[in-house]
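Once you've had a glance at the structure underneath, I'll fire off some questions.
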Amino acid sequence: MDIIACIKRVPDTSEADFIKIDPAQRDIEKDRLAFKINNWDEYALEAAVQLKEKLGGTLTAITVGPEDWNEVLRRALAMGADNAIRIDRDVSADDAYTVAVILERVIQRLSYDLVLFGAQSEDFGSGQLGAMVAEMLGIPHATLVTVLEAEEGKVHTQRELEAGTLQSYTIELPALLTVHTGINQPRYISLRGIRSAMQKELQVMALDDPGLSPETLVPMVKLEKLELPPKGKEAELIAGAPEEAAERLAKILKDAGIF
Amino acid sequence: MSGILVVAEHRNRALANVSYQVLSKGRQLADQAQMELLAVVAGSDVDAYAKELAGWADRVLAVKSDRLEGLLAEPCQKIIAHLIRKIKPKITLMGHSSFAMDMAPSLSVELGIPLATDCIDIFWQNGDILVTRSIYNSKVNATYSFAQSETVLITGRVGEFSVEEGGRQGQIEEIEFDFEEESDYKKFEGYLEAEAGGVDITQAEVLVSVGRGIKDKKNLEMVEELARVLGGVVSCSRPVVDYGWLPSERQVGLSGKTVQPKLYLGLGISGAFQHVVGMKGASIIVAINKDAKAPIFSVANYGIVDDLLKVVPALVNKISELKGKTE
Amino acid sequence: MDSVYQALVDIVGQEHVSNRQEELFIYSYDLGTTEPHRPDYAVIPRTTEEIQEIVKLANKEKVPVVPLGGGLSLAGLAVPFRGGIALDLKRMDSILEVNEKARYAVVECGVSQGQLTSYLERNFPHLTHSEPGAPPTATIAGNVAIHGQGDLAQPYGFNSDMVNGLEIVLPTGEVCKFGSCSIGSGWYTQHPLPDVGLFLGWSGTTGIITKVSIRLFPSKKIRGVGQFVVEDEELVPEIMYKLTHTQMTEDVIAFSQAIPPFASGLQHFTINIVADSEKELEFKHEIVWDDTLGEYIRSGAGGFLGFRSGLQRPQVSKTSDWRKGGGFEYVGAIMPVETYPECYRRGRDISERHDIPYTVLGRCIGAAHAMMFSWTYAFNRADPETIRQAREALHETDDLALELHGTIWKPGLYGQKLVMERLDPNTLNLMKKIKQMLDPNGIMNPGNWEVS
Amino acid sequence: MTLTDYKYGDVIHRCFRCGYCKFPINWMDVNNCPAYARFRMETYSCGGRLWLTRAWLEGEIEWSDHLADILYSCTACKNCEVKCPLSFNIDILNMMIAAKGEMVERGEVPSPVKEFLENIQRQGNPYGTSRAKRGEWMEGTGIEAYQGQEFLYYVGCVGSYDTRGQETARILGKVLQKAGVSFGVLGNDENCDGNEVKNLGEETLFEMLAEENVAQFQGLGVQKIVTLSPHSYNTMKNDYPGFNGEFEVSHYTQLLQGLIRDGGLDVSGGYNATVTYHDPCFLGRWNEEYNAPRAVLKSTPGVQLVEMARNKDGALCCGGGGGNFYIDLLGGSADSPARRRVREACETGANVLAVACPNCLTMLEDAVKAEGLEDKLAVKDIAEIVGEACGIK
């Protein structure tokens, strides 16, 4: 089975106090942030590698981004991808649609049975890209997949709905799935693995390789401004050493009639 | 002047909460622009839903077909695409549900229209529609405009828009729709409902809920102990289920359960909106988290910024002491 | 869901039961040459009550129960031949009582030899117990259950002769006590009530020992080891006879081994001598070395290699490293002391035939009433051929022990078969009846001591 | 990897599983292996881990989450190496580290280990907190950045990020200031020392950290290093020379011992308490430094030092080694080594349990709370005791 996994690189924004917005309100200041592979994409890659290990075939990882993004492709190569392609592009002004156009152009020239995406990204979280690419490629898709089993020519999947319900599909290949967390336990990628992936070839494509030009890529959704969210109500913080804080909280709960 | 079209969804014999939420938002936007509000509902039996929707919408389009049993994305996409082409609404609005995540992106590509998903605000500005999205772990708000387009597709975040009374009595129109030949490349096999386990967290008065800050399954023991002294039950956020540390029946949030206990004690939960949606109805919310900037502190009534592994044992002791005094 | 597993979890808690491959793998192995057999569950109970529940469950579900302490028998006595529950008793590790004046200790079944030794040294330095030569992880209860002996065997006999009382969970789940404790009179003696000693030597096939009262003995301030060597193995029986006559010694052991090569063929004695004062020590030295062994020294037949204060705790596990292979097993047999020369020569032959460095040892039991003679065969765990060789040598040695009118101690399945073939038919029949009565479902350590 | 490729393929079978490795030096308990003490299944003993490793590499058992948990529950406390009577004992921990290394290369490690290592890859500390916050602990202390002072004061991850560790790091800094020691710190430029990374089997990451640290130290002209943590001390003293990093490394207790002895530090303020001292594995068994911390305590007026039954090379590990202060595979039970240890400390009648390691500090302090012994026993770092004795609040 030939699999394509599309992945991206995101800033680690869990450290809230470092988020600063640039004066033009167009981007966040990223120089103090660490970067990582998008969480959902890690699950998608793991799912792809597991399928490949089980069924054979090839795995190609693709990303659309500037040179720094090679990092996530190296990770993919270390995890078990055979090929890695980066379409060289500064995506900071792109929307999901423009990136989908690029990916569709690249993917349609490759041979594949299954295309995997992470269900959404940690940074923008729009959750659009996979299903857009599927529609452009004219292949069936399912999003938010938490169970995936493959056999010759088809996949059995369950996708997650609200309140714990799952929706079960059998889909003929070629198909595109977007993968949700919890579908597997992504493996650890050792530094040795990443270093040996440095030796592997990483294909860099210019936009005109698949016959695109910047002019043809006009976002349909345009960023107007970024701002920090208005300060909402904040919890009353109970300060002090753990014991003191615990004591005060216990009293509060007791007074509230909890116990 | 074309109107605003709200796509309603239903499951388990009821309209989804989020449909009421976006319907209310749609009503507001329609009123502001003096537009017509349309709602579409599709299914094998939609009469009751249509009546309900007419309380908000000026016109309800009820699409009835046996092909729509189970509300699947593909047939719905065909219907909605057809209706948008026909009606040319200025805005098509849906809840950012799992259903929408499957359908909206393909729909936008099929029609070549802009799509903004998971919006926390939708508003008019100089006659244009703008949206606000919450990005970077809820730490930044981004406002977007749309490229020139006859219609735009927007999905609204679950729980973000309050439900207002519609006070309308719209017309209901039944719509016939001819499905093309059915293809079998994607076969729906059914719904799997979460297995009912031994514990029903929706019935608990006190929930002690853990997130990834618990670090390891073994630490659940002290949390169980805390739940025990409080007479409550242990629930959790998604990562804890993903790691296999607790069964999915204990999960609170969008993909888990919605709870309204008297006390919700969140331990090591950062408070992603998917989780908050499921617990913000609790009477008292207490958060214990190492990260002072964790979003959970903005929904909590009380917070302790510290390592839960240090606070929990202390809390168990203090509560036991206080209980000892009264008993 | 496995209902037995769930029931076990309900009894001992999730953390103390496993049906995972890792625990099943580890508990399938003995440290010797016995082929592994996987249990279905590994369980580590903490209380007698939990053990009762487990045994009742096992009866209901017809699941074997294989109790183990240190799991160090080397003869495969805790290998779950028919699967079932590997019942690791080491969590039951409380020293319940030391009665200083009546010189006994009551311990739970998981208390190790090392733990009791250390406890006595720290709290009752003038008391000691008979320590077997096993690694200190060996348990008191496991040792008495197989009729072990220790470093006080010469003056006081088998460790199982030092039992003052037992608490047993029967194969059907009832708890029984034996000895004075059974009438509520403390744990100071096993006699003189009607003898119901059905549990020692049965290798865990008639019940699970949960508590033991074991006799303690005076521990003198100075304890040391004297070393003596003779070239002629024929002299060993009379030397043992003479030494025991002095009543001045504790442990008396004769041994011979191929490593180191310069000592190969010699018969070494280690003789434990204890005293409360230098004067007493001097006196004992004179009697042992001059009056008793002096004639051999003077004739050149033997040599005194010195006396060292402080007991050298034997580290038998070092034997396992002889072939750099992490394994050894021995046949121990209770033999007449006079057979020592034959035991040594024939044993050495067997070793040499199987290309294993020989090591043999005879420990005097009582006033040379018998000796425990051991033939040890090291093997390389990573080399199946050496395991096979060792196993063959062990079987030949079992045959030899019986040929020389000995009795195999803690025999494995092969040895048990040999013994039962020779056993008085009426005795064998009685064993069968007892076993059937006590363990109607045959759940206790099945495979062992099975009378067909 | 198969057994043939495994570096210790020709020795690992030599474990007889006799169980000496479970004991403290005087056999008083069979629970001196922290993982065995916690779980009591034979699998969790040192011998169990060696046999399982061999079975795994031989293909007799499959890799599983449980197997990974068993291997990673080893805290690298070195008790087994000290107690094993066989000559191959010098490699027991190396065998464990190599087995963990195989899991790392296969990517099959317990999820907290994955998180730990990824956090270090990304942020240079196991907590995943930003590198830009590493120096926050020193705000307001007046501690200077390192720029050629006599000593580099290397704080380590726990001292830099853990709340309790930070307190200790600050107090030690103030003590050194008070003693007039010429020293500086690296602040946000400090990186993980790699000791735990090595013990978790992530060898390449360890090498990278060691190389980077050595290069950084050499670039700054560092010659003498004093560490807060015995973990840093261990790897800088014993491993960094292999990366051409020859520094004069001391643990802070060694430095304080000299300062007090030579009158450089006035501790006449004293500290009135009955104190028992817990030997950290990486100072004790790993580097055989049993004396310096005790000497510091004994020279502090008012300190009455009592010993626990298990001490020095027989000490029970707090359960925090091998990354377990973070991955915490041994927590969550009254049988957890830290809780056993604080009960043992209580039995001495001491009212202060002194430690010389920030990992031990957090592990044991949490255990005191879990045991409800707060009224009886306080856990203090020796730096805090000395700090109080020389008048630092």
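Letters are used for the chains, namely A, B, C and D, taken in the order the chains are written, and counting of residues starts over at 1 for each.
Convention: a contact is a pair of C-beta atoms (placed from the backbone, for glycine too) under 8 Å apart; a residue touches a chain by one contact, two chains touch by 3 or more.
Nothing here was measured: the structure is a model prediction, and the numbers come from that model.
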item: Chain centroid nearest the full-protein CA centroid; value: D
item: Subunit A-subunit D separation of Cα centroids, rounded to whole Å; value: 37
item: Centroid spacing, where centroids are CA-atom means, of subunit B and subunit C in whole angstrom; value: 68
item: Inter-chain centre distance, subunit C versus subunit D - centres from mean C-alpha coordinates, in Å; value: 40
item: Distance from subunit B to subunit A - Cα centre to Cα centre, in angstrom; value: 21
item: Where subunit A touches two or more other chains, by residue; value: 14-15, 185, 242-243
item: Residue numbers of subunit B (touch at least two other chains); value: 243, 306-307, 310, 314, 317
item: Set of all touching chain pairs, with the criterion as stated earlier; value: A-B, A-D, B-D, C-D
item: Residue ranges of subunit B in contact with subunit A within the complex; value: 11, 16, 97-99, 101-106, 108-110, 113-118, 130, 133-147, 149, 158, 184-194, 206, 229-231, 238-239, 241-243, 248-249, 251, 254-258, 262-263, 270, 284-287, 291, 293-294, 297-307, 310-311, 314-315, 317-319, 321-323
item: Sites on subunit B touched by subunit D in the complex; value: 215-216, 218-222, 243, 306-307, 309-310, 313-314, 317
item: In the complex with subunit B, residue positions of subunit D that touch it; value: 111-112, 163, 326-333, 366, 369-370, 372
item: Contact footprint of subunit B on subunit A as seen in their complex; value: 11, 13-17, 19, 21, 28, 96-97, 100, 119, 122-132, 134-136, 140-144, 156, 158-172, 175, 181-182, 185, 218-229, 232-239, 242-243, 245-247, 249-254, 256, 258-259
item: Interfacial residue positions of subunit A with respect to subunit D in the complex; value: 12, 14-15, 18, 32-34, 36, 79, 185-193, 195, 242-243
